[in-house]
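Shared between the two complexes below is subunit A, which has subunit B as its partner in the first and subunit C in the second.
This part shows the complex of A and B:
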């Protein structure tokens, strides 16, 4: 009940923020509605039991990317052509095409039986979250029944520890404890994500160097010109 | 059991995707186009995490969603650098004015 209420609240905030990003013409207000929409998406991640992913969404998107976009707005909002508006005809055509695309997507989502398809997926360590949560719930009950304050602090520590963080970290190191150990390796060794992790980290480094190179102020040529003029 | 189900999350992802596509197509401000890209990537992320919760996909969906977040941050950095260069050359960020390469 409370989960449904939270879901509908944040789903309406997400969709309304996205529609408001499309509808407003002011860039700063677009950035604000983008913050609303992305923050609500982070709340949806928390509702989907993806705690680390929701935190990463808040930190990287809302705290990093949107701030970067706002700085871009600040740096480009002066000059002779500051008011950039979409023509009304283009807006109407875009809204019509978008509505048609939305209808196509919604009808195709509704016409697929997702339960049958997920039954056809190869491996079935059904949701490490459910298995772990059941086991941890039993452990918690045992700890609570045994009493004593030290054990209760241990219980608090267990409850504060994220449930997906350790598994995500191990899968980035190339280990998949949720697949390999629990099933006894019956499905063969599930590959981890060590190589994609390395690739994406080198990619991030290269991209940041390239962005700093592209966005640098080209003062050297001007100063050399001034020196030559002097 | 107040379980929402997979379809509701997929609907939210579809709405985010469509809003992002319309934003990319209709905005004339370059930064607005970048915001549309962010919306599209977030719609994909919602779908990934919903599938990782409600099907036997397990942890793979969340891992790929993390990669998508990192790549979106990288894309925003490079695209913003390109937008600043565009602004330095054209004194505006209207993407309709970047038509020097047309045939």
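This part shows the complex of A and C:
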């Protein structure tokens, strides 16, 4: 009940913030509404017990991207408050693209058979009395290899409480404990995300070096007899 | 360790108490909702007390320390001796002031920015453990989350400076943005070193690994963590924009920097956020490097053995012994954090302010390479020891063995307690 209330609050804030980003013309106000919208998305992640994802959302989007956006506006703005005026044609094209994306999303969500999937999800939110069993599972968390049913309840409990950091870390190293332990290695080992993770890392490194190269101060060769005041 | 981790949460406790008093079935939705709300408000109230109470003390401390360093007395009159009510008097004066919004300002953002900074600073307290098991949100990725939340405070400051419509404020905000974007990198890398040694992002686990004597603290784990502590503390001082890194305010150059145009309540909650963040970064430093809630001299184990098991069972899920032990842990942690805050105040009134280019040079040319080197060396240290002495530490049991033995004793404790409860 309280979770429903919180969900609707943050869902409204997310959508309202997003609409306000589009509707305002002042860039810094847009950044403010972006903070509201992205922060509410992080709150939705926390409600779904995806703690790590929520923290990453806060760190990368709210703390990183929006700060850089405002910083960029401050460095480049010519007037006191930069505004973006959209022509009516741009508005129509933007609305059309947005609506088409919305229709694609709605149709793909509608085509999923949710009844079949809900059976695979961990059990519904805990009451204080199911929490006992979860806590007991935690106490035995160190002993993972003690029978497959035990492992299943452990994993469900861990995922339900948002304790997914270790699993995330392992899957970035190429191990998928959630899959491999559940299926008992019957279908071979499930691949992790080691290669994509490395590719993304190298890609980011290349971008970083490229940006440093582009932004580097270009020093002209100063002839010997002229004193450079720089 | 002291049993509260495996015992009831406040929510369970309230639900069970109400149901046993009123004969309402304990799993009814209304009861659970009431229990949830009561527990949430209790936790929030306790945190808010800490969030509001500590700055009151720190602002008084700042005035006294500044006075002593400048060879004067500081506040002496308000509240009798020592001027201990000075901050309250300041607060009452500030609330009475008019809430001004300049004509040039972007009113919406101008009004909202102080709240953004304060909420970000308060949110960091949610994942900050005060003692073993005394934590509002025991997130598995607590350390990552607290770094994320503390990085949000800068946004409120930048928006405040930008929306003020004043050149002083704009310069302050710009400096703050440049400074924060740079200093977050060495801060995160330095915080990563103890996290890597502990192998966990969970503050509870990190704190428990440093139990026992002070030689178990991560600052004394190897020479590189020792240096990493000072590196972290420098960047943390910069990240809460304290002198010598207080370029965003810089009273002598920019009037008051980003909060030039603010007055009254909005001005004062900027300071609430600043002083609370000082506590937050110091408490994180204490947990990551200085043993958290363990005093390191063995007093906590004495208290634990004296009070273990006393008062258990009078109220279900509450043990007086573990409460006393936890209370002592909280006092230890807050004392450590307050000492670090005192160092920040001391540094502020001793060192001159750097220029903005010096601030950037310090970060990009010194702190980033130093922190990268320390991280690499801290990774290689146990490997080198294993190659040379075939053991990962110089003396005592390895960290993993210590953690494992503790975990097994904790889980045995927990299962015994659960068995006894049934």
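We adopt the following convention: the second predicted complex is superposed on the first by the 133 of 230 C-alpha atoms of A that agree within 3 Å, B and C clash if a C-alpha of one lies under 4 Å from a C-alpha of the other, contacts with A are read in each partner's own complex, and residues count from 1 in each chain.
Here is the rule we go by: contacts are C-beta pairs under 8 Å (C-beta built on N, C-alpha and C of every residue); 3 or more make two chains touch, one makes a residue touch a chain.
Worth saying up front: this structure is predicted, and the values here are computed from it rather than measured.
Of the two partner chains placed by superposition, only subunit B is touched by A:85; subunit C is not. Contacts of A:76 after superposition on the shared chain: subunit B is touched, whereas subunit C is not.
Contact with subunit B, but none with subunit C, is seen for A:18 once the two complexes are overlaid on the shared chain.
Looking at the shared chain after the overlay, A:4 reaches subunit B, while subunit C stays out of its contact range.
Look at A:49: by the touch rule set out above, it reaches subunit B but stays clear of subunit C. Contacts of A:68 after superposition on the shared chain: both subunit B and subunit C are touched.
If you count the residues of subunit A touched by subunit B and by subunit C, you find the higher number for B.
Once chain A of one complex is fitted onto chain A of the other, the partner contacts of A:214 are limited to subunit B, with no touch recorded for subunit C.
Shared contact residues on subunit A (touching subunit B in one structure, subunit C in the other): 1-2, 31, 52, 56, 64, 68, 71, 73, 75, 80-81, 127-129, 164. Of all residues in subunit C, only 6, 8-9, 11-12, 15-16, 26-27, 29, 32-33, 35-37, 104, 106, 108-109, 112, 116, 139-141, 144-145, 147-149, 151-152, 154-155, 158-159, 162-163, 165, 170, 173-174, 177-178, 180-181, 184, 201-202, 404, 407-408, 410-411, 414-415, 418 touch subunit A in the complex they form.
By the touch criterion stated above, subunit A contacts subunit B in their complex at residues 1-4, 7, 11, 14-15, 18-19, 21-22, 27, 30-31, 34, 37-38, 41, 44-45, 47-50, 52-53, 56-57, 60-61, 64-65, 68-69, 71-73, 75-76, 79-81, 84-86, 90-91, 94-95, 97-98, 101-102, 105-106, 109-110, 114, 117-119, 121, 123-129, 164, 167-168, 171-172, 176, 178-179, 193, 196, 200, 203-204, 207-208, 210-212, 214-215, 218. Per the touch definition, subunit B reaches subunit A in the complex via residues 2-4, 6-12, 14-23, 25-32, 34-36, 38-39, 42, 45-46, 49-50, 52-59, 62-63, 65-67, 69-78, 80-85, 87-88, 91-94, 97. Residues of subunit A touching subunit C in their complex: 1-2, 26, 28-29, 31-32, 35, 51-52, 54-56, 58-59, 62-64, 66-68, 70-71, 73-75, 80-81, 127-129, 131-132, 135-136, 139-140, 142, 161-166.
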